[in-house]
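In what follows, a structure is listed as structure tokens, so that the remarks can point back to it.
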């Protein structure tokens, strides 16, 4: 399968992962290893930047993992920029998942503050991957200010509802010149496969793996789902049709 | 992953396949090998039973493949029983995919003739896997007359529309004491994965692999999709929820 | 709007209704009057055929209402025929809604017993409207034995899930030479409207009206929903398209 | 049914309409009269503001109609404000449907420019009804700057795809303190009814009426669909359930 390039990095795995909600950091590490994920997002808040022995980072030292700090918890562009600077210093990476969600119930992202922050962060030298609603115009504007990818949501974070924004993801994928990573809402390997089949460049999965009674097996399942979907996309799926076409030709052969 | 048992056989692969519509028998053989499929259905009509050098059978000799002759083309129970007897003699197996679809346009199966034929074929010593509409009562009655499995459709044959019978497959899976194989309509690895995630025991895929510009790659994609779905089912997926639960806890950490 | 003809009757209203689950017979009568329904189904079991003062019948005496006795509760063709004879004698009508559902949990209909009973009842002079799964072949066979209409389900009875059998209803409507009445599962006026828009000849609604906190208002809402859908069908709806076509032409008019 | 209040006006009809794409202005007038619509949007571009005999306005003089000029065609906040001022002067109303869609293919609205324009227009004394993506955070922010309503889209303009943003409309309706008008994508009376059933305060329909072969009948159908949906909402619909609840109690009554 084709490698995915974002900014200066290239990835064999198109499954990005998160680090929240796991039963333990040990379990998280095992699951993420098995997932094959090469880009792992970590909430800045969860890292004790003053403590070099911080546990979560110790579990993400494998060279397989590239860290993608995120700004979860901020409510404005200003807070996001401040958090990004902290993250860059603490974690030694200029990659950033930009998340601005003032809403405490559904954690839906703020389009206006996100665009403002993205523009500034790009100027400050960050590789910005913004988490946004599946809004085709917003995605285009983010691309225009220089984000390295766009991360439209499939459904509300943690809802496991799948690709509820399907019709808009289609437009985003069609129009985008930067990679499209479907983030939030993906609840099962079939959801992940479907996103890949429609031409998304990657997916980010966290809740569905982390809260499974068997996170390691579930991580493996998602890895396969993503690969299945990507492989099908590259091999070109047939379109749905209204009329049946029998696999086995219908023939009244007993009349012969 | 758990093995699947149907009648006296057990299968590592939960992807059943068909042999129609491939560009060539050589391509078919390659794709089916890569798919890992251990149960392969062949229309009796397509086999020249008088010719020991028949080409399609020569391409299905690998011990990986168990043959599942099907009665595609028959329109009544009587024709089905006759075809089944021919198939048993010609192919040396008492396994049978029972298909009775009098309708030449959508190839939808006939519930009444199918039940009648199934009852008789079971008495005649066949291992019967009937292709039916996703009708929970019919599936139950087929089980009661002794079919080895039931094969409800996801959507019209060859339509690639996916799991359009989702709500009824759920009931069938919940109620069935024999394996449930989703047959017809599965158009993509994500469809196959979804069927497995909901607890189907296997899926049968033909058109979507055979008509792909790259059938071998597509066969691999379906293999992974099925495994992803089954693994997720065994590891237990979380249910969709209405309220977001952030993977990264929302905290106004910059106020600290 | 075009009138609907079934057998020897013609109907201005395409909303058929049921009599179960209402808070009181008085409330039922009011709601059914307001609904405009001209065909009302009554479970034979609920009628005390020996009692000429039976309450439920007293509430259905308005000439607006044609009674459609149903065989709810029977489990076989034989029971159905017996119940039908009782109904004809007790209620003085040869119209019959044929329901055979052996399954006590989902009340899904039995295709084989239903076809058998339908064939016999037609010979016995009944006007048969069979409740069935949305199975295109079964509907065709029922038409062939002489049923006056077919009544495929939209979703399990009482589930309010709407048109979960959409793709199969489309085929049934396309192929049918007798009226198609969507029965079971219709949970809202929008569901009813959608069934009519796709070309169904009528819908039968019971639960969604009867269990509403305001059955009379809900009956009115369904009446309007059905009429809206039918009128739109007759006036021809546009098909969904992928590309936007602005209602207001997009013109950069300020540049002019 | 409850009246709808927006700013200083109250409406008996919850069906807002547009004036584009009709075969003739005469046909438009007839259809809009029959629709019962009391708020009618007109693209400023289509009005010849210098010509007091302008035809389209002559067809909208009935006191039933309140005009809602829209800014269709503008691409930035600045252009929108300019267009709004022109519209206010020309049409003598400070009501405004704010539309900013730089994208010529799907006509999706720009969230950032829309918020900026809305804020300014509110300060300038306009009653602003902004057309936006179904973005819950954006809708909340628009409400906070003082818009009189929000108009989230159901699907791309003119696509007739229905409520593709269902899950997000639910959140918007739950959170909003101003009326929510579903705009764009509504292709049939059942779509309109469904929007109302979920609690939307109104819908705006244009294409589906205007391009129908029978716009007047279709306008009537939409009127009834909207009323059906609203009435059902007020009378409270039951929720979908998984288990069947028979309308007619299941009883093996023939055993009695």
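Each chain carries a letter (A, B, C and D) given by its place in the written order, and its residues are counted from 1.
Everything that follows uses one rule, which is that contacts are C-beta pairs under 8 Å (C-beta built on N, C-alpha and C of every residue); 3 or more make two chains touch, one makes a residue touch a chain.
These figures come from a predicted structure and were not determined experimentally.
Engineer: If I list every residue number at the interface of chain A and chain B, are over half of them used by both copies, so same, or under half, so different?
Structural biologist: same
Engineer: Counting only C-alpha atoms to place each centre, which chain is farthest from chain C?
Structural biologist: In terms of C-alpha centroids, the chain at the greatest distance from chain C is A.
Engineer: Provide the C-alpha centroid distance between chain B and chain C, rounded to the nearest whole angstrom.
Structural biologist: So the centre of chain B lies 34 Å away from the centre of chain C.
Engineer: Using mean CA coordinates as chain centres, what's the chain B-chain D distance in Å?
Structural biologist: Chain centres of chain B and chain D, defined by C-alpha means, are spaced 46 Å apart.
Engineer: So which stretches of chain C touch two or more other chains?
Structural biologist: Expected reply: 101, 106, 108, 156, 161.
Engineer: Going by the touch definition at the top, which pairs of chains touch each other?
Structural biologist: Here the touching pairs of chains are A-B, A-D, B-C, C-D.
Engineer: How about chain A: which of its residues touch chain B in the complex?
Structural biologist: 18-21, 41, 43-46, 70, 72-75, 79, 82-83, 99, 101, 104-108, 156-162, 187-191, 193-194, 197, 206-208, 210-214, 217-218, 220-225, 227-229, 231-232, 234-254
Engineer: Residues of chain B touching chain C in their complex?
Structural biologist: 101-103, 106, 108-112, 115, 133, 135-138, 140-141, 155-156, 161, 164-168, 171
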